[in-house]
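In the two assemblies presented below, chain A is common to both, partnered first by chain B and then by chain C.
Here is the complex of A and B:
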């Protein structure tokens, strides 16, 4: 049945599916795993870095991008798109133009929700247009608004967007989300460091070769965004491994 | 008969459908020219499944399991299942190659049927040196529908023994799994089992529910075993990553505790390390997906 209703984007199937949109969601699963966490005073974005080809310049493979960088107030909206690289580039460009256009018109930087809604509306347009296919990307968008409240939003190829406390997209997103559901507690995000460690721990569930394959970025309230270097990520990974060992030692010492 | 505008006489299609006419036409179509026959024979030769010995490159005279007695046969079909057996089973003992299957079909990347390199898809048969009745098959190539029967004949023979146990491991994409839930909410990768009537041991995972079906070579082997009353079980891993993937391969781990693989796996942590290495060497960065 699916094969009769999945060729054109503008055709519903008898049981109400838009198959092209669902197939676009499968395309997202082919990308790397990305995780976003909203702490009390910090937002964290982490993504798995896949190994690049030998002759490829690694610096041109940046996954976490800033959509808006407000110079005076040091707010920023960070995003990561997972799925088709080319689609991501196009949407990021449009979003960046919209951020500047908004600032020129309204003289205020965009709120995280505004730009998320813009991106989601753009994606939805492509699910209702003849001759175009949906964008094969999901995005995690983080930032702080004027009111100082941290925000994390997620969009998907269908054009829906929701606010989340913590979420994961891309390959094995379900495994990471389950890990987050179990481990995202008030204690876990009490301090900035703990929130960063939670993001790294969540990624380590599915990333194969440890810290050197993780790209991490954070924004602290009233501070400029910070991209972690590989060394800094490694430091956190070592600390996480040490804590794990200590926890296991304590478990084994417990009298049976 | 009717005449067209240009005066040529053509046979008008007869809606009454007289049977004699139809038979005549069919016979004409069936009468093949010597060229047709030649082409058909050439194609059959090209698609032949051959079981060869590595050193001598000669074909085995009888089927594999007629030549070597077998008590346990584990077959891995597909690259994830092959990676699982390579890291967990083949590294825990000394395995000797008993032969390999050579076949060509439209799925093969090379058109050259004579020289298939070792990095291409392959189908190898191994037996344990310390217990030669334990067999293993690593099949990472696609065996087409017309070749499956030949493959079974060359491996099992026309009258197989019943006192052996077959275990098959393979993967399918989760979108093939028919269920009322949406595929997004399924806990992929997950394992399902399907066994023949004579297989009495319990499976280590739930059985495959209707209306799901098994296809290709795993289905052919399972059907063969059911017909010949050989105890066989198929472990099917539904995954959303069809290429070589660590989490998919690890989904096969529950099978290590079953009777099928008991005694064949010694060092699990070491095997996990070998598996990780296998993943990194095979990883090709695709620039299409970020």
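Here is the complex of A and C:
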């Protein structure tokens, strides 16, 4: 039944599915896992980095991108796209142009919600035209607005977007989301360091080889965005492992 | 990427080409939508002509003075600028409007005489137009142009407020207005306006002119009476004035201008934009105000003529 209604993007199936869009969502599930966390004064984006081939230049493999960076106000919008890398590149380019056009027409930098809505509208357009396929990407978009409130949005190939406190996309997104649902508490995000650790812990659930396969970026309120180097991520990972050991020691001592 | 860089009103041109093209009887629906969808990605404007090669018999191409974005068709032999220069009415932009910002908000004041040459078309017009709760515009130039463009600005700001959940800043409003008007540069629009508002960054004042000039400042006066008003304003302006001092300064400046400028007169309107919104403070007759201002004992001491040494 599905095969009769999934060839063209602009055709609904009798039970109301747009199969091409759903297949695009499947494409996203093949991408690496990414997690986004909205703290009180910080937003964190982390992504699993696939191991780089020996001859490949590691510095050029970056998944987290800045969409806009307002120099005077230390404002930035960070994003990560999971799914088809080439699609991601095209959408990032359009979003960056839109950020600057907005500044040109309206003098103010974009709000995170505005640029998310732009990306989502763009994705939706491609689900409703003939001759084109949907973008096979989901995005996590984080940033601070003028009013200093941190925001995290997620978009998917169908063009819907929602605001989240914490979310994950890509392979094993379900596992990570369940972990976040259990562990995202007011205490967990109380300090910036705790929020960063929560993001790393969430990724460590699914990432095989630990710290060197995690890429992390944060924005603190009123500060420029910061991309973590592998060493800094390692520091956090060792701290997390130490805390885990101490917690286990405490647990094993209890029955005595 | 060129189309991405056109401002909002540039996008508007793409949609008419889509819908009108789909109504053409000679083309099959498939080719139609293909052409239309490819039109969405090509240069804006002139899409109708491209698709069906139709040219109105008594029009000519756009004159070199006209902006490219519109794709205008004008009557043959007619270049609007030269036409207006020869045949148009002599529009003297007679008015005095002023605006200045200070600690407690922005004051906007204007006279009320609408003149058309030496004929007073209306002695009691209102030259300060509210745009929304926290934004006023003083108008000078052609009244019709000012009224129209303010309505367009109101619409733009309202749409943006609905989409974004908050009103755009005064800087945004000024940018939008100047961008909209600069697309008609060379077509003899005349709008010289000061946008006075209170937004997230406090009291703000912008001067916008129809050739696209957009300036931020603390004091602006526009119109034929502005030199006289500037004299009084520059003398008495301080950022830390009290509200009453500001009212007195504004009234005094417009009154002096109406006294000396033939094209300003009638009454003096005074508006104040505070944090809570704009407020119409008073409308007082210009002559009464002027005599009140010059007879006050302080006025003579402050700015009256010194007797000649004999």
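Keep this in mind: the second predicted complex is superposed on the first by the 255 of 256 C-alpha atoms of A that agree within 3 Å, B and C clash if a C-alpha of one lies under 4 Å from a C-alpha of the other, contacts with A are read in each partner's own complex, and residues count from 1 in each chain.
In this section, contacts are C-beta pairs under 8 Å (C-beta built on N, C-alpha and C of every residue); 3 or more make two chains touch, one makes a residue touch a chain.
It should be emphasised that the depicted structure is a prediction, and the values quoted were computed from it without experimental measurement.
Colleague: Which partner does A:193 reach: the first (chain B), the second (chain C), both, or neither?
Modeller: Neither partner.
Colleague: Applying the document's definition of touching, compare chain B and chain C: which contacts more of chain A?
Modeller: B
Colleague: Does the superposition put A:31 against chain B (first), chain C (second), both, or neither?
Modeller: first
Colleague: Once the structures are superposed on A, label A:128 by its partner contacts, choosing first (chain B), second (chain C), both or neither.
Modeller: neither
Colleague: For A:238, select first, second, both or neither according to whether it touches chain B, chain C, the two together, or no partner.
Modeller: neither
Colleague: Taking the superposition as given, does A:107 touch the first partner, chain B, the second, chain C, both, or neither?
Modeller: The answer is second: A:107 touches chain C but not chain B.
Colleague: Which of the two partners, first being chain B and second being chain C, lies in contact with A:146: first, second, both, or neither?
Modeller: A:146 contacts chain C only, not chain B.
Colleague: Taking the superposition as given, does A:88 touch the first partner, chain B, the second, chain C, both, or neither?
Modeller: In the superposition, A:88 contacts chain B only.
Colleague: From the superposed pair, tell me which chain A residues show up as contacts to chain B and also as contacts to chain C.
Modeller: Residues common to the chain A contacts of chain C and of chain B do not exist here, since the sets are disjoint.
Colleague: Can you name the residues of chain C that touch chain A in the complex?
Modeller: 1, 4-5, 7-8, 33, 37, 160, 164-165, 168-169, 171-172, 174-176, 179, 200
Colleague: Tell me, which parts of chain B touch chain A in their complex?
Modeller: For this pair, the touching residues of chain B are 175, 184, 187-188, 240-241, 246-247, 276, 279-280, 283-290.
Colleague: Please output the residues of chain A touching chain B within their complex, sorted ascending.
Modeller: 25-27, 29-32, 50-53, 56, 63, 81-86, 88, 171-172, 174-175, 206, 208-209
Colleague: Quick check on the complex: what are the chain A residues that touch chain C?
Modeller: Spelled out, the residues of chain A in touch with chain C are 94, 97-98, 101, 104-108, 111, 113-114, 129-131, 146.
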